[in-house]
Amino acid sequence: MPGAFFLGFLVFLMAVTGLSALFARDLLASIIMFSAFSYFAVLTYLTMGAPDVAFTEAVVGVVSTTFFIVALRRMKRGSSK
Amino acid sequence: MKFVRAGALLVVVVMTVVLFIGAGALPAIYNPQSPASTHVSDRYIEKSVEETGSLNFVTAVLADYRGYDTLGETTVIFTAGLAAVVLLRSAQKADSRGKKVPLAKAGKGMSERFGTIVLNTAARFVIPFVTLYGVYVLVGGGEGNPGGGFQSGAVLAIAIIISRLVYGEGAAFNISGDLALILAGIGTFIYAFVGVLTLLWGGNFLEYGIAPFLMSAAEKHSLGISGIEIGVTLCVMATIIAIFDALARKEEVS
Amino acid sequence: MSMEFLLAYRPLWAILISLVAAALIMLTGDKRPNLRETWTIVAAVGKMLIVFSMLPLVLAGGVIEIEPFKIARGVSLHLRADAAGMVFAVLASFLWVVTSFYSIGYMRKLQEEHQTGYFACFAVCLSATMGIAFAANLLTFFVFYEILTIATYPLVVHHRDQESIKAGRKYLAYTLIAGQLFLVGILWVQFLVGHGDFQPGGFLAGKASVGALQTIFLLMTLGTAVKAGVMPVHGWLPSAMVAPTPVSALLHAVAVVKAGAFGIVRIVGYVFGPQLLAQLGVAQILAWFAAFTIIVSSLIAMAQDNLKKRLAFSTIGQLSYVVLGAALLTPLGIMGGIFHIVAHAVMKITLFFCAGAIFATTQLTRVSELNGIGREMPYTMGAFTVGAVGITGLPFIVGFISKWNLALGSLQGGQGVYVGVLLLSSLLSAAYFLPIVYAAFFKKSEPQVAKHHCGEANKMMLIPLLITAAVSIVLGVFPNAGGGLYDLAAMSAQSIVSGQFMVGGW
Amino acid sequence: MRELFTEHLIYWLILFLFMLGPYGMIFKKNLVKKLMSMNIMQVAVILFFLALGQKTGGTIPINLPGLIGAEHYINPLPHTLMLTAIVVSLATLGVSLGLLLTVQKRYGTLEEDELLRRMNQ
Amino acid sequence: MKEQLPALIVIVPLLIALLSPLVAYFSTRLLRGLGLTAAAVSFVSAVGALGHALTKGPWHYYFGNWAPPWGIEYVIDPLSGLMAVLVSFLSLVVLIYTDSFLREEGWLKQGIHYALYLLLTAGLLGMTVTGDVFNLYVFLEISSLSAYGLIASGGYKATVSAFRYVLVGTVGASFYLLGVGYLYAITGSLNMADLTVRLQPLLDSQAVLIAMVLILVGMGIKMALFPLHGWLPDAYTYSPPAAIPFIAGVMTKVMAYVLLRYFFFIFGVLNGFVPLVLEVVGWIAALGIILASVMAIAQSDFRRMLAFSSVAQVGYIGLGLSLGNMFGFIGAVFHIINHAIMKCCLFLVAGGVKWKTGEHLIEKYAEMSRRMPLTMGAFLLGAFSMVGIPPTAGFFSKWYLILGAIEKDLWIYVVVIILSSLLNAIYFFRVIEQAYLKKAPVAEREKFVEDKKPELPATMLVPIVVLGACILVVGILNEPLVSNILLMAFPGGGL
């Protein structure tokens, strides 16, 4: 089953991006790594043959990254005082 | 504090080990005879085309066999919208203490625009296609390609967010926070109302086959499915915008 | 509402009448004060009539039994007016009438506040007492037992000052812990036997191992002994003296302590039964505790200068008479114990009324200050003398009869040592009561007493204590006068021992 | 042993991702990172469900005219469930970010211990 | 419409909630009216469904008319019917209570609050009556999210505690979902009845043990079982007084009901690893009862004390669950009912005192019985019931729990229950002393002497008194409740 190894590799990639999202020092860096994590999740779903779920994950990934960035902007401006 | 930290770490490690050992007892991946692939899903695959008239099995299961789950699902996203708005609205001074602000202009705070010349032109080009694609995803779902209420709602929301980011809050192509919340409520209400309609016609909740139109069962089901898909799209789009508006709103008075 | 339905459900009406009165007092009390008293008196008299109306039937050997509704799975609210229950019910209802008159006089004299709460809790206490008297299974008994605990708490903390709050806390600590232990015992019996219905002669024989039965007996007697003030667990009683005197009178003579003693009689007679207890050998231990309490409490009483504290310790001693009577397992002993509930109640309530009257009129509480009070308040001190002498066991006063039966009971059971204990306690009680009487009448009166020239207590307090003194003399001469309590005691002892021939007696 | 490895490798990786959630939530100081670990945990559960639905030789669960029979298609049920789970994760994300903004606006910090200190003052 | 009752229980509050923001824009009075009718209709249909379940046996309602393993079904059996009646009744009562708190809020705030409240009701009702495990997860999320929203709308400290609640709650939900995943992996079905049948042969396999542990941890977090209760005290203390009575009273109980449903019905109490897991649950619950009661004694804020006492009382339900026999089941379910009513009543009292005097520290409760006699009367009943004084309902749930423990010969649990009712007595009588016996400082005395207004507006006082009366009524009428409903609900059928 070639799929298993490819799948395993993708999930491994997800694990790497997930860990680096958590252990990045700067918030913006971790948010970027987080969107990479979501991106690899989309790829994993595709290799698992779930187009609907992949599409939704992609869209939700975009929206959640936007939310994170917007929230971060307000926090940066907010935390200045 | 140290002690609690160590205790928690211990619990997490133990839990991981237990799960890893337990994973062995799970049925092997990819084997077609695994209980999950044989017990319930075969009927979805074989009968969903003639029963629900939708080529995409996932949409069939999502909107028809387990349609009630998706109603719950849409309500979840609506609740999230409510919670986010009530939270950030209470953070600001309760400005509109009861006096009615016309919906369209409600929440028309000044928010800075990122619109430089490059972004303006790019946005002017991108937004129509994104919206068109969103509508296509909603309509195309029936003909057997992936897509449906959630995806199209989100894509349309992205279109509006792009316009909101680039042209600021005054952009024509924008929905105010309060209006978005009400729209989300209406969207989910459409979904629930389709269910209530089937109740009124005498069937169980969300039983599309009971509709009194002169159509084959499959067409009735696909009509029902597209009905609720529209509700879902409206709700998801409006909620994402409501949450975005709540997050991005630069409160006027700090 | 057909007639026999009304008659059949009398035990329930006896309980409910004062609950209704309590509700009425709470509703109307604040606005129109004297309504409080009228409701109390109406309820007291009504309850007495209901209870006395059941007397002839029970005296004739009959039993009024009802199960209005089920209160738990497999257990119903089971009320039964049997001989032992009637003794306690007649006593409580009669003394409540007297106490309510007395407390009206006492409260008016001292202008106490919170009187609405006082009278309402009084009424609830009495309905709980009725419930305890008529309970026919362990759960019903326990329900009313706990209601009594909770209803007495506001009375103990009546003065709302720091000292009474502390006393209230102590009272709750003892009684709640005891209640929980009792509950475990009841549940264990419920599990073993599937029901908790009292049967004369007990129903636990052979139902569990000896060890289990002994533990159940320990749990249940601990649960009731706290309220009966048996020595190691009597701590709350003296400190509950901070309550106003009618409450102490109610606590010590009519309701709470008697409920504990009555509980022990129920457990010994109707749950375990004499034969089983004899086999288990635990009755001996209970008898030793009772004897120990009798002696030690009398010794401590002598050292108490506060009059009410001295009466409290005397009560602890007298109550252990009842416990001793029950623990003797002989018909005469049990009869003596049950009758002593009546005897002690009547005498001790007289003493407390006198103490209250003295406090109300002269604000004196210490025994050392009472020299020469006899000349100031002749009737009060006269009644006090009757009560005091009655407790020491003078013939022709009711105390003697029960002590006599107790002595015969211990002889009948072959445990002569307890006769010695009874005699010694009579001497000790004489030692702590007679000095008061002597000082009151023959010593030169103290300056404050003379200065007061207060004269007798007011009528509302004087008449009740004279009545109870008279009753203790009348009962001393004709034990069956009024409610035929002596026969009732004999009948209940008879039914407990079931079959053993009853011998001797006055 | 070898097939045990290939059969269940995917599960172990998924469960590692799953346990990353509570780990990150407890040990990461920054509230935003706690939020991310919560999200990672939810994605892990989604992966787990999808892995359950896999079939060798199954194509995507969309009806191809020629192909009849359940063994040709991948099990659509987990996909439906996971659509719901993804949107739930978006919903909780939206609410939590709203909460974070309010906390940050009031207490000016998102570090856990700093926040607790300022809260209890 | 008669035969659609199970759907109406959940759908009516859901529909009204969806329209709340729209209706609020037009008229808040209409919104209040609609909210009350929604709760009332849901209550009536729950009672109707329970009646049907008791007379004609469990009621299976198929959504979209798809048969169970394929579609979602609602099962109204005596247990879920009783829970639905309890939840909808308390929701109706507390809805009347919250009315006066929202009077002066903005229209959108009111609309959102009503929507969140009705969604919480619909979510909890959905969880009690559903027969599908994944549907239960969806409604779990609906109720959790609306609870996060309700708690967070109570000021800044509430926001921090709400954030922690979101994190811990979502972790709990994910654990639960993974548990459902495991069950789905080895049986292939999501319907409870079908799951029960297909699990029987597999009960000794490791996967079922892992699924059990996951669901137990997941629901344990949502139910605030002892070691997993970290989020509860802050969430209950800082949340707005309008929402907390319903959340505190009902939410943790429905989660406990889900565990009861899993362990008594789906896994079956006697086979496979279940007795082992239940014993562990029992020990944790027993430990939790004692420690939480001790912590409750140490609190000075009335609501925080109630929060810790909630954790202890949930331990009772865990204990009842772990006993596994009939009396343990009856004790657990009966305690769910009692504690829901008691805790709801006590938090209503706390909210009422805060509304009238703005106080929530216990020493500020001095002489409160003079100022608010009826409210403190209801508090008294609640306190007696928590301590377990006979005529009230709390005593009888202890009665059945101890009976169950004796039947299983687990004397440690008997000691734990007895010890904890004494601990309860300590911290409740501390408040009773404060309210009834202590004198208020002179300054406050004048304040309340001259305000002639009734102690609380009627819309707040009526729910408090009604729940106080309920405690007594349920206590006295516990036998018919147990024999007719709970015994029929017990999986093996009553004795």
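Just so it is clear, A, B, C, D and E label the chains in written order, and each chain counts residues from 1 on its own.
By our rule, a contact is a pair of C-beta atoms (placed from the backbone, for glycine too) under 8 Å apart; a residue touches a chain by one contact, two chains touch by 3 or more.
Nothing here was measured: the structure is a model prediction, and the numbers come from that model.
Counting only chains that touch, the fewest steps needed to get from chain C to chain D is 2.
Under the contact definition, chain D and chain E share the contacting chains B. Ranked by how far their CA centres sit from the centre of chain D, the chains are topped by C. Put simply, the chain farthest from chain E by mean CA position is C. Across the two interfaces under comparison, A-B and C-E, the one joined by more C-beta contacts turns out to be C-E.
Chain-level centrality, scored on Cα centres against the all-protein Cα centre, points to E.
Distance from the chain A centre to the chain C centre is 78 Å, each centre being the mean of its Cα atoms.
A straight line joining the Cα centres of chain A and chain D is 10 Å long.
One finds 73 Å separating the Cα centroids of chain B and chain C. In this assembly, the C-alpha centroid of chain B lies 17 Å from the C-alpha centroid of chain D. The multi-chain contact residues of chain D, meaning those touching 2 or more other chains, are 7, 10, 16, 18, 22, 51-54, 56, 58, 60-62, 77-79, 81, 83-84, 87-88, 90-92, 94-95, 97-102, 105-106. Among the residues of chain C, none is found touching two or more other chains.
The residues of chain B that reach two or more other chains are 15, 19, 24, 26-27, 29-30, 34, 36-38, 40-41, 44, 56, 58, 62, 66, 69, 72-73, 76, 79-80, 83, 87, 145-146, 150, 240, 243, 247, listed in rising order. Interchain contacts (touch definition given at top) occur between A-B, A-D, B-D, B-E, C-E, D-E. Here chain E touches chain D in the complex through residues 134, 138, 141, 145, 148-149, 152, 156-157, 159-160, 162-163, 166-167, 170-171, 173-174, 177-178, 181, 184-185, 190, going by the rule given at the top. Of all the residues in chain D, the ones that touch chain E in their complex are 18, 21-22, 25, 31, 34-35, 38, 41-42, 44-45, 48-49, 52, 77-78, 81, 84-85, 88, 91-92, 95-96, 98-100, 102-103, 106-107, 115, 119. Across the complex, chain A meets chain B through its residues 1, 3-4, 50-52, 54-56, 59-60, 62-63, 66-67, 70-71, 74.
Across the complex, chain A is touched by residues 6-7, 9-10, 13-14, 16-17, 20, 24, 28, 30, 32-33, 36-37, 39-40, 43, 46-47, 50-51, 53-54, 56, 58-62, 74, 78-79, 82-83, 86-87, 89-90, 93-94, 97, 100-101, 104-105, 108-110 of chain D.
In the complex of the two chains, the chain B residues touching chain A come out as 29-30, 56, 58-59, 62, 137, 145-148, 150-151, 154-155, 157-158, 161, 240, 243-244, 247-248, 250.
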